[in-house]
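You will see two complexes here that share subunit A, one where it goes with subunit B and one where it goes with subunit C.
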Partner chain A sequence: MFLQQLINGLTLGSTYSLLAIGFTLVLGLLQMLNIAHGDVFMIGAFLGLTFSLLGMPLYLALILAMIGAGLLAVIIERLCFRPLRKAHFLMPLLSTIAFGILLQNVATQMWGSEPSRYPQTMEIAQFHLGSVQISSIDIIILVVSLGFMIGIDLFVRKTRFGRAMRATSEKPQTASILGVDVNMVIIVTFFASGALAGIAGVLTALVYLQITPFIGIRQGLIGMVAMVIGGVGSLRGAMIGGLMIGIIEIMNDAYFTASYRDIILFGLFFVFIVFKPEGLFGAKER
Partner chain B sequence: MSVYMQGIVALMGVNILMALSVYAMITTDQVSLGNAGFMAIGAYASAYLTVKVGMPILPALLSGAFLSFIIGIGVGIPALRLEGLYLVMATFGFGEVVRTFFLNFEPTGGAYGFRGPMGTTLLLIYGWVFSMVLLFWLLSHSRMGRSLDAVRDDPEVASSIGLNVTLLKLGTFGLGAFIAGAAGGLYAHYMFYIESNNFNILVSSMAILYVILGGMYTFWGAILGAVIFSILPELLRFMADWRLSFYGAILVVMIILRPYGIITRPMVKWVENWIGGLFTRTGP
Partner chain C sequence: MLTIRGIEAGYGAIKVLKKLDLDVQKGEIVTLIGANGAGKTTVLRVISGLLAPGKGEITFENERITGLPPHKTLRRGICLVPEGREILSDMTVLENLLMGGFIRRRDEVNSSVKAVFELFPILRERQTQLGKTLSGGEQQMLAIGRALMSKPKLLMMDEPSLGLAPILVNEVFLKIKELRSADVDILLVEQNARKALKIADRGYVLETGQIVLSGSGQDLISNERIRAAYLGGKTG
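After this line comes the complex of A and B, so read on.
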């Protein structure tokens, strides 16, 4: 029973991790929050749905949804962040809130506000390992999200471009003097954050089977919670934070009352921000 | 006035109060994304008092606002440690805790919402608005107002000239919570029905937006922002289903075009001088 819940928690948590990574990439680079991030996740889920309805296999729908969501994040950067780079830090926060309203409304017009059923494009197999039951969807979610987490971690740590990203988040002006194309770094970072949110959207839709234009609101907020608990600006912190939140949520539902879930999560978030703002793994001083 | 118009004007008054509640906190550089939480506390507390206890509306509103003030001080003390984006995120977390609390709190209806509060009139709403405007006007022309400016511009210098920065920050945070609580009470007794989702993150965001887009350095900006953004959605009704898309787009464009707000302090100064000049001008 406990092991089963642990696996469920990791599956759920890995989608939160993908969202938290997107938040932390942008926050680490620009010190600004992208509130529309949850809505990029939602659009990713709907793109996956649309491509699946066209009869595409899951991997193709996933890749296309990922690219679409990534491009959407680049548009958000262009519209809501770049014109406001020197403005008060609240301005991009507000412009992304407004952009999120716009995305939710556009999605409502395109796909309706009623829950849309996610088409099944593959056979679901159930595997039994002792008392633990794990479905092929769980395995896909875990493999895909862990794969992308390791991928982005290697990309940021080991590649030349990753070094440029780290340099830019440390000191944008110095990085620029040293020949880093800061605008390019920002665009790639936003693309990566959106792409990860898009993947998370499709994967989450596979589990819940029904999606609405408003699923991004809570998921986005939870992604933010995961980022803070893991440590703002820390990639690995965001990954572990997401997994932790997933496990806490599932354990709470299994052994406690589901209705107190969000009070616990947001309460934890408040306590962390006030008393441990650097999170579990963040090294930076606030 | 038609019922439709009355509804717009009433909600505009509530929005003005919400804008002023954010403005009160911003006077000492504290940005809260959780004022919908204070609004919810005031709304549920006062509604409980009028519906279940049978208290008259005015004392109930004051009690709700006072409870919100107390909780505001409770949140404001740990919030003193935070600034900028971290304070925004912490207050947002607080707002969500309050919202999910009322979603599950059975004595005030839980997920079914709370039915029955009534008695808000336009006069009552605008009485509150007028009192608060008077308060901020007096504040902006007083020594206290300058102290608050000093705290906002440079807390270290402010404390070095002997201002109690902690007390001023806590006081304005509490005042903001009080005003939001009153706005919530008025809202509840106007709508006859409240549910936790009436106090979601969008309400907190809009309250900040009124202040920022109206102009965050003078309370006139907060008021103007609330007025414009209460009327704008109504003017967009002809767009039917696409209304919210258009609204969102207008907001994005306005933020890009006027990142420092519509009304700035020099503008207020200029208008005051201009009005003053009308009376003192001599010669050709």
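After this line comes the complex of A and C, so read on.
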């Protein structure tokens, strides 16, 4: 039973991690939060729904939703961040809040505010490993999200472009005199952050099977909580933070009361802010 | 190869450079000296593209580069070692060097890393350490080594001796002289005017945004006005 819940928690948490990574990537680069990030997740879910309704197989819907959400994040950079680089530092925060609300309303116009049912485009198989039951959906979610997590971690640490991202996030001007096109790094980073949110959107929709234009609100906030618990600015922290929240949420539902879920998660957020503001993996200063 | 004509630049309403002309010829070490706030750093910022000039023209190897962003001037062969060294503190020494070679092909980068290690053996020993753990002198070596990784034709250095112990200052100037044989032209901005003029072929004196004097390094060192204003009046 416990092992079962642990797997369920990891599955849920891995989608939170994908969101937290997106927040962290943008925050690391611009020292700013993209509040519309949760709504990019929501649009990703609806894109997945739309492509699935057109009869596309899951992998194709997933790839297209990922690209669509990535492009949406690039648009957010263009509209909410770039024109405001020299503005007061709170302005991009406000502009992304506004853009998020805009996205919720656009989604309501396009797909309606009632829950939309997610179509089933694949056979769901159940596997039994001892007492643990795991569905093919769970396996897809775990493999896809853990794959992307490991992938982005390696990309940032080991590749030439990843080094440029880290250099830009520490000292943008220095990166530029070393030959890095800083605007290009920013665009690629936003695309990656949006793409990961889009994947998370589709994967989450596969579990809940119905989506509304407002699913991004809680999801975005949870992504931020995951980032804070993991340690602001740390990619691995964001990953672990997301997985932890997923496990806590599922354990709470299984052994305690589901209605206490957000009290516990957001309470934990404050415990960290007060007693361990650097999170599990964050640097103390900076 | 570098020609600057009539450059005016500043920050907002504040004009820092007023009709500035300056040249660096092939094979030269040129130094730009002047007091704090004269505009020395601004000259380098304008050339590298960190600051767009209001007026004037900059050409490099007969091509206009006025207003090009830094990542493009670097590709033309102009590299800046910024004031304060600007080491990437959360990256290792090796990663800093690899960032220096960002614009070059992988196989070229590997041989350049070796060349930099030959020039600065201490960097080889420190290659896996994070940038922030290096001493000031080591950071300056790394900053110069990192700049060389891009194989610049023109290396611009902003106050490389600033904040270093005297013995390290001598070492840095020695290394700069060594670079001459590495086929790099150098534009050196320094407050340590005496040492800079000694290794330079030519020098410019910058006062409140204008060149007030120029000449060979030797001429400037023996110039009465320079001695009084920048060399503390002593003979050197």
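We take it that the second predicted complex is superposed on the first by the 284 of 286 C-alpha atoms of A that agree within 3 Å, B and C clash if a C-alpha of one lies under 4 Å from a C-alpha of the other, contacts with A are read in each partner's own complex, and residues count from 1 in each chain.
Note that in this section a residue touches a chain if its C-beta (ideal position, glycine included) is under 8 Å from a C-beta of that chain, and two chains touch if they have at least 3 such contacts.
Model, not experiment: these values are computed from the prediction.
Asks: Kindly classify A:Phe270 by the partners it touches after superposition: subunit B alone (first), subunit C alone (second), both, or neither?
Replies: In the superposition, A:Phe270 touches subunit B alone.
Asks: Is the number of subunit A residues in contact higher for subunit B or for subunit C?
Replies: B
Asks: Once the shared chain is lined up, is A:His128 touching subunit B (first), subunit C (second), both, or neither of them?
Replies: In the superposition, A:His128 contacts neither subunit B nor subunit C.
Asks: Which of the two partners, first being subunit B and second being subunit C, lies in contact with A:Lys158: first, second, both, or neither?
Replies: Touch partners of A:Lys158: none, neither subunit B nor subunit C.
Asks: Is A:His88 in contact with subunit B, with subunit C, with both, or with neither (first, second, both, neither)?
Replies: Touch partner of A:His88: subunit B, not subunit C.
Asks: Shared contact residues on subunit A for subunit B and subunit C?
Replies: none
Asks: Flag every residue of subunit A that touches subunit B in the complex, lowest number first.
Replies: Residue positions touching the partner: 27, 31-33, 35, 79-80, 83-84, 87-91, 93-95, 97-106, 108-109, 217, 221, 224-225, 228, 259-260, 262-263, 266-267, 269-270, 273-275, 277, 286.
Asks: Can you check the complex and tell me which residues of subunit C touch subunit A?
Replies: Those residues of subunit C that touch subunit A are 48, 50, 69-71, 74-75, 79-80, 82, 86, 88-91, 95, 98-100, 102-103, 106, 146, 150.
Asks: Which residues of subunit B touch subunit A once you look at their complex with the stated criterion?
Replies: 31, 78-79, 81-82, 84-86, 88-90, 92-94, 96-97, 100-101, 103-104, 201-202, 205, 208-209, 212-213, 216, 241-245, 247-249, 251-252, 255-256, 259-260
Asks: Can you list the subunit A residues touching subunit C in their complex?
Replies: The contact residues of subunit A facing subunit C are 160, 163-164, 166-167, 170-171, 173-182.
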